[in-house]
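As written, the chains take the letters A, B, C and D, and residue 1 is the first residue of each chain.
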């Protein structure tokens, strides 16, 4: 990004002068910079610059057969690949009036749970935990805390294999197609997964214990939370768009929530709903539907000191740990259902092509709500496409958190400020490769 | 044999799935950390070292400022390895090359977004710097990644298969998708992924690039036999290999590329209008 | 050795008994067809199957097979040290159930190749512990089959047991003594009566009309047909079409070429050398140092395959190099087939002949 | 047909597993000396365990391997007459395995050896005859084996004529030996280079340019030519022009080889296996295989 920002209005802060730049914030997916500039007690600039190159997926989809859309868009993000594929498939399926079988719905849920686990484990263990354990990455942890690293890898491996059993692969799923699946695991495979999921509980408990001991910054700022909501379920696919400020809306009305606009300092578009910004992701989901969590997850939340409503952005990681507990329990339950019903190879459900068919797909991926919307012609070629990505939705909120946070930190040494800001950005688990890519904090003078 | 070489990972325009695959490889190959010293891996670590011998580069080059970074890496590294389809082929990123870049920008960011962000047609990194080896795939195959690192440690040149995917697909005794009427680019795509897509019932999309002997003419015939239109066949061929095919100019086995290799799709209007879907409100 | 009769309903019991002491493999149903696979319960075995993608050769010469393991290291003086240890993979008592007659002809060739000259004990050790239970083909697998032309429609003497379905029974011929012991030790079977044998004969003679001839020449004419046509332009036509995908050779019951590769463990000190199926249809098969490729063109590779099937194997081993199983035709996406090629060569010669004689 | 060389047990002593032994298991042998010949070739002196004799004949090859890297066929360069407890290999840095050998193998290190394999030259047929040896490039390595064998049993053969072609002076192998041979009157040596440098005073041009310089008795001469595939057609023409019959002309057919024991199929020339029935064949035999030349 070469552009100069013109956006933020100067805000008064206490006396000091701080200029901070963090170039290419690390341990996040994608590239971004944090820029803080405080002069004569005025916060001149405070923003997260998204410096990832724009990737133009919406343009790429134009003129392509709808069958390719989920495979192309999974390449938006290596970590939410299954989520993008699912949102893409849902958009296509809703456009082309596809009725999914119960089995397809069940298997898709399992895949999303796998991805949720994979992503959350990666995030809390490998990206967040090093901040609290005083190291720069997971690599020194392999020597200093081998048990922790091995546990993380073990859990992640299960998550990846869960995705792979149904979708063929976690990063860029293969077997998920419009209307269903192209591959089905054997009963033995499913039984083995069921057994391993159950055995994972010990690791899950150890995870909760570990994260219960970490000192999370208590910074707090009231904001709006947005997540997909379903009656009686802590689900991730489909549902209504729930908000802490507004009654639920159908997903087709997503534009009224996201209100995308350009932010000059960012290749990702910003969004705003009822307020200037809102937050999506694990904490938003927790705040909106904690009552549907598995009892073990609810207990874990209590143990971790998380209760709704929680306005502490650093606690997004805690909410992720709670979701890990929930997902493992739910996977056991879903696998039991699969075994009970038996997994029967079936052809994908048929599509109905008609002129100008439109559909919106919504999936709550690890980082928050993701929308895909397509218009598909009678020839099966995509005419228009739009993808609204969770990190894009969080960016405005991150900027505002930073602007509220910096004044409280001005007495701290620069390193601390820098680290706090980086941790804040990381807490959101931004996936900037999605919103195109991400991170860098720039402190300038003090 | 290099004694515990220092390696570094860099990312350009990509989904970072290949770096994630490297992290995933640790699940089963934690011993890798004993063989190499990772000095840079932005996605996973904050420490940074600038003295490395092997650079793994993920992602395509999609803007001028990338070129400078690439050249700096080349200057430092003894060995540069392109990691994954984006770096190796241009990959999915190059699909946008079909239109002039300004049109693409307008389409996604609206009129105000035209030229707002730096971007140009996506290229494989070998178009900018000399690349020693490539690890193909979207994403890379974990086992292949480990194998190639091992070969580099032995002081050997990694070698990629130059035969089609069908070989591995047959060894796995899959029912051939093309025989079942489902499009699969296996016959022209470089093997090495154990035919993972056909093994999961889905046709190969060519993410590992084409073999040197690719028989496009008969591949097209096969796809036509499934009732695919020319536009659909072009779409199949160009999902990961747009850059390579466009570079073939008039010889490209595409129905929609005209004589001077121009990348405009016949079905599209001259100028890509701002999308009614994607272009946001102006700030 | 004699003929036995086994009521069909006793087959599951036989299979289950065998499973107690053997690895039992045989044709099973898959999502899209049939494949040889481990039989985990008797009801998985399907003896009336048309054909499989891979022939049972995969149990005799696995797709990938470890030949030996090694460990390398440095001695005190810094010199490299190496230890090697041979590996004989999958050597275990195995019963291959339901082998079609064409595939048994393939095994005859394999036995020759791997036991003649330098004896390949990786193969032979496994083979010695393998029991072949054939099944008589009473109907052609499909239109791709041309076993009748290749003379592979009857079982060669390579089986331990050979079963023919006759009404509600299997008539079982014992090809070897160990086969006979295997049968009698694992199921209650009785010697066939003259009546049974009469019905067997009827069944066998009745099967022939179901099979058709696809070749315009006899099997014995093929080697000369190939010899004369080494320079035919037909190879170029086929070479243009060929995808060089190697599917034809990988599915072929008489192809056995392999590549050898080393693999290292992560510690870079241990590892193994393994062989894996290779194909003469692939570009690098005959590529040597200096970049010279002895079969650079696809035409020369297609010709080599056809020559092997039609002539070379016959020359070296005295038996047909093609079993007429039709697998390569089923696998080929550009319709390069053995009957099609042989007939085209034959037709070409008829035209040449008629023009030469001025007819 | 000559008998098949199946003396593999002389060098490979595979340890058996459950009574089975492997034809693919190399014998671990020690490299006792390494000499640099040219920028591309080094000569390795190899000692089998216990100083066992390799027991080869000229024209045969061994499979050389480094476990973890791979295996490749390499001709035995030393003659049987000079092979006691060690034998020599001249290895060109041509690819994967050979570059690792060049870069890492030092005296004292171990490599894997299988063989000798192949048919080799039938010395019993050569005996009493004039022998014309025409190696090109690296073909000089296997030719050495034959030349030294003849020199060491000089009285059993007639004339010995060596016509050697190299690309350029720096690629000429065995310069010391060539010098020594020049001193002898029982060997007629001609050397030519395609591309001379300033220091070169010898013959210039491709190997066929040497043929007009020698007169031979076509009734009692055996010719042996070993070199890159392109060379054969031209050399054979010269030899036929001198009145030799196809069965008096021997040549070595190097193909890709993965097993060395007639199984893997890579070295096939028509229906024949170069590793078994070759690599040395007469031109008469080769004429029967369309793929040979």
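A few notes on this one:
As a working rule, a residue touches a chain if its C-beta (ideal position, glycine included) is under 8 Å from a C-beta of that chain, and two chains touch if they have at least 3 such contacts.
From a predicted model like this one, the values you see are computed outputs, not experimental measurements.
Nearest to the overall CA centre, using the mean of each chain's CA atoms, is chain B. Distance between subunit C and subunit D, defined via averaged C-alpha coordinates, is recorded as 37 Å. Between subunit A and subunit C the centroid-to-centroid distance comes to 52 Å (mean Cα coordinates, whole Å).
A straight line joining the Cα centres of subunit B and subunit C is 38 Å long. The mean-CA centres of subunit B and subunit D are about 45 angstrom from one another, to the nearest whole unit. Counting partners per residue, subunit D has 68-69, 104 as the residues that reach two or more other chains.
Along subunit A, no residue makes contact with two or more other chains. The residues of subunit B that reach two or more other chains are 1, 154, listed in rising order. Pairs of chains in mutual contact: A-B, B-C, B-D, C-D. Only residues 11-21, 23-24, 26-28, 30, 33, 38, 41-47, 62-63, 65-66, 91-93, 95-96, 99, 104-105, 107-110, 112-113, 116-119, 138-139, 196-197, 199-202, 205, 229, 231-232, 235, 239, 265, 267-268, 272, 275-278, 280-283 of subunit B touch subunit A when the two sit together in their complex.
Interface residues of subunit B, counted against subunit D in their complex, comprise 1, 154-157, 159.
Residues 30-33, 35, 52-54, 58, 63, 241-247, 250-251, 263-264, 266-268, 276-277, 279, 282-284, 298, 330-331, 333-334 of subunit C touch subunit B in their complex.
Across the complex, subunit C is touched by residues 4, 6, 8, 14-18, 20-26, 28, 65, 67-71, 92, 94-95, 104-106, 108-112, 228-229, 254-256, 258-259, 261-266, 268-271, 276, 290-291 of subunit D. Per the touch definition, subunit C reaches subunit D in the complex via residues 67-68, 70, 72, 77-88, 91, 113-114, 117-122, 125, 230-231, 256-262, 264, 268, 271, 273, 275, 278, 280, 285-290, 292, 294-295, 304, 307-308, 311-313, 315-316.
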